[in-house]
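Below you'll find the structures, each written out as structure tokens.
Consider the two complexes below, in which chain A is the common component and chain B and chain C are the respective partners.
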Partner chain A sequence: MTLAIDLEVLTQGRVHNLSGHERGLAAREHFRLDELDKAGEAVEIRVPEHIYGVSPSFIQGLLSESVQSLGSTREAFFSHYHLIASDLVRRQFDRGLSAILTDRNFAIN
Partner chain B sequence: MGRSKDYISKLRGLASKGFDPRQAALGNPDLQELALREAMAKRRADIRKVAGARSKERRIKIAAQRLARDRARKLKKKFLTKRSWAIPARMLFGRRISSPILDRLDPQRATRWKPIVSRRFKREPPRVQLGSLNFLDDPVGTMSEFAKISRAECDEVRSFLDFADAHCVDVGAYLVLAEIWPQLAKIFQGGRMSRPVQKVLSAIRLDQELDIGLQGVRDHEDVWAFPTRHRRPRGTTTSASANLQPQEREKVADDLCDLIDEWLHVADDERGNEDLDRWELSPEGRSLIARMSGELLDNAERHSFPGSTDGDWSMTAFMAARPSAEGKRELRCYMAFLSVGQSMAESMSGAPTELLNAAERYLGQFGGDGPSRETLMTIVALQDAVTSDPDATRSGRGGTGLQDVLELVADLGATDRPDADVRVTIVSGKSCIRLRHPHLLGQRDARGRRVQWCNPWNDPRRPPHVKTAFDLPAHFAGTLVSAGFTLDSRLFADEATEIDDLGN
Partner chain C sequence: MAAGGGIGAAQILGWIVTGAAFGGNLLWNWLNRRHTNRVAETIRLEQYAKEVWERHRIRIESRLEEFVSCVQELPGQMLTYPGFAERAASMDIWGYNLTLLHDSLARALAQADHSAYCEGSSWQAAAAGRDHGTEHSWDLAMTAFEQAREAVDEESQLTLIKSLAPYALEIELLIHHKIQEADYRYQP
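Coming up: the complex of A and B.
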């Protein structure tokens, strides 16, 4: 059986977008992503069709630690986590990953 | 009766300050009776004093007493037949309600505020003439207009409030007005307001929040509004799994998109389109709006309440069909998001040491020239990867919300076009950041971070431009983000023909 997390659990069919850093962190804990990061097989992230918006802050809360633990590259992340979502939502995850991969060593110049 | 005696002594005090006792009659029949008796007794005493009631001549004495009784009866008749504005008891004897925003905008409010019973009653209520309420374009002027409201609220028993704006050109100012309104003594009895502004306030249902009647509103034609929404009060989240449930900000985002779709259907009707292909938000437009609203409200929840991620917010929006300079019909959108509490610079005090050290290096470049440290720190907070949350910094997340918002507003307002009119103003603490196309968006630096240093060169070694980032004359307790833009017509796609990605 394929390992998977389904974001429908969070929307419960009552909202059609996901936002918020703390919500992303809570979802991470709920889905036990720390364990799934280390799973020997690929994990599906299922985003139902009715969701049209996933904010960058939610994606960062949900996936930052996974991206880091998988080597901090987009390719490594997507080889472990398979996103089952519309093109629109895939682009939003891509934007969220760009935010995660942003260099956080704050310095002027 | 002890309570009545107390009221009688207070009513005597009011009469000596020029109050009409009917107005202080407190809406209670027994107290009205007491007030009337007091007023009649005072009238009799006043007349006896000047009409010779102490005369040794009996004839004059009797005539004076008859005159006093006659005048007191006339007063009673006037009381009973003429309607008058009555001051509610709770207002008359009420105390000052502290207001996080107004107490900082007008620091003297706490000391200058007098109980209503101690104020001088004026037969003709004064009029507070408000200038333009527009944080989006004139935050300094708008703050002084709010200070005018505060001064009247401190000193007057009743007053009229006249609004000068011909059109609502910034919904943020009215959102702030709605925020402070419950904390004001109810001294404002009415005033003048243009019909277009009344129409907008009615459409966004701020008239209900302000508890005012808008007589000039006949319809909401050409105005499509998102009624004001609030999150529950700060610090009231009790459920441990609250973040796993659908959030109010997500419902707001869905509703906002649905409403904009409704706007577009109305606009479509206006152009006389009877085809089956109707205008509606493209999926991309829908997701942009949801993400922008989600980011702003998430920021407000996380950063406005010290030591918590459970802050509150309010937001509203409206779209109005207005003619462009070329006479074309444009859909102008205005949105405002307000969080009360910590300013952006204040919330930065909890940032990681390395970040604060780097910020200090930026601040230290400008010595005493240019804006205050607070405004410079607000600029630092705008940059990608800057977050006040040390955990977020450690885990490599957060700190991109504001740049995301700017990017999303820019997408909604078509800033890929040179003539786009897109404006965002952030008022936070004593700082104001006014961003305008073509200097709205942060540019990516060598490390790929979006940076916005608020000068035309987007250079951190140069001071911010005086018109882009500057100090305000008073402290705004929280953060107001107000945006105004013309909706990009490419975001409305016929249902049958969705547009391509807008360059994300």
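Coming up: the complex of A and C.
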């Protein structure tokens, strides 16, 4: 069975935008990403179709520590975490990761 | 001149002077041509760089205007809807369109990051706007929009939608500042 986190859990079909650093951190705790970072197999991040917006600060709260623990490279992160999302959301995740990789302050939050 | 039709020293000297002048002229023309070619090449490269930058600038300014206009028109659009339920349904479409326009702006800025002819760096990062601690202007705009979607009365919904405009202006100011800095590079 594939390891996965589904952001649908956070939205219950009602919310279309995920934003806020604090919410990202809360989601990280909810999904126990600290444990999943160390998992021996790849983890899917599933973003349902009704979510069209994911803000950079949410992504930073959710994934900064994962990026850091996986070697602080985009390639290492995406080899461990597979994003299942629309192109629009994928691009927003990509920008969020760029912000993490260029802003060290976020990486230690 | 030497007697008996022989070649005299003066004649030889004349040939040497003529030859030297001819050689000097050739060398001067070659150096001049080389210098002119270099100047022309520099001008062509500068012109090309300026044209590429202007294409990027036009694309960025166009996307920015679409994004800012969309935010500024939202309160007015809301007021044209007759009831709260109709408006709530339209909020999903407006939110999606706004996200698309912001994405389009961020992509235009990313192209500037990848170009050798756009002065400065972190163009794409400017799409997030001003730093507000752990949040940026775009984060706060998205949060305000989501709160407006969930608002239970018309007044608070309108207030929240109006609160997006200052964040859009922060993004606009930051990007305009970067454009101005890049423009200096091509000023004569």
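Please note the rule applied: the second predicted complex is superposed on the first by the 102 of 109 C-alpha atoms of A that agree within 3 Å, B and C clash if a C-alpha of one lies under 4 Å from a C-alpha of the other, contacts with A are read in each partner's own complex, and residues count from 1 in each chain.
Everything below uses one rule, namely that contacts are C-beta pairs under 8 Å (C-beta built on N, C-alpha and C of every residue); 3 or more make two chains touch, one makes a residue touch a chain.
The structure presented is a predicted model; accordingly, all values stated were derived computationally and were not measured.
Judged by the touch definition given at the top, the superposed model places A:52 against both chain B and chain C.
Of the two partner chains placed by superposition, only chain B is touched by A:100; chain C is not. In the superposition on chain A, contact of A:17 is made with both chain B and chain C. In the superposed three-chain model, the partner touching more residues of chain A is B, compared with the other of chain B and chain C.
Of the two partner chains placed around the shared chain by superposition, chain B is the only one that A:64 touches, whereas chain C remains out of contact. In the superposition on chain A, A:88 makes contact with both chain B and chain C. The contact surfaces that chain B and chain C form on chain A in the two complexes overlap at residues 14-17, 19-22, 52-53, 55-58, 60-61, 88, 91-92, 95, 98-99, 102, 106, 109. Across the interface of their complex, chain A is touched by residues 92, 95-96, 99-100, 103, 106-107, 122, 124-125, 127-128, 134-136, 138-139, 142-143, 145-146, 149-150 of chain C.
Of all residues in chain A, only 9-12, 14-23, 25-27, 30, 52-58, 60-61, 64-65, 67-68, 86, 88-89, 91-92, 95, 98-109 touch chain B in the complex they form.
The touching residues of chain A, when paired with chain C in their complex, are 14-17, 19-22, 52-53, 55-58, 60-61, 88, 91-92, 95, 98-99, 102, 106, 109. Touching chain A in their complex are the following residues of chain B: 241, 243-247, 249-251, 253-254, 257, 283-284, 286-287, 289-291, 293-295, 297-298, 301-302, 309, 354-355, 358-359, 361-362, 383-386, 392-393, 395-401, 404, 447-449, 460-461, 501, 504.
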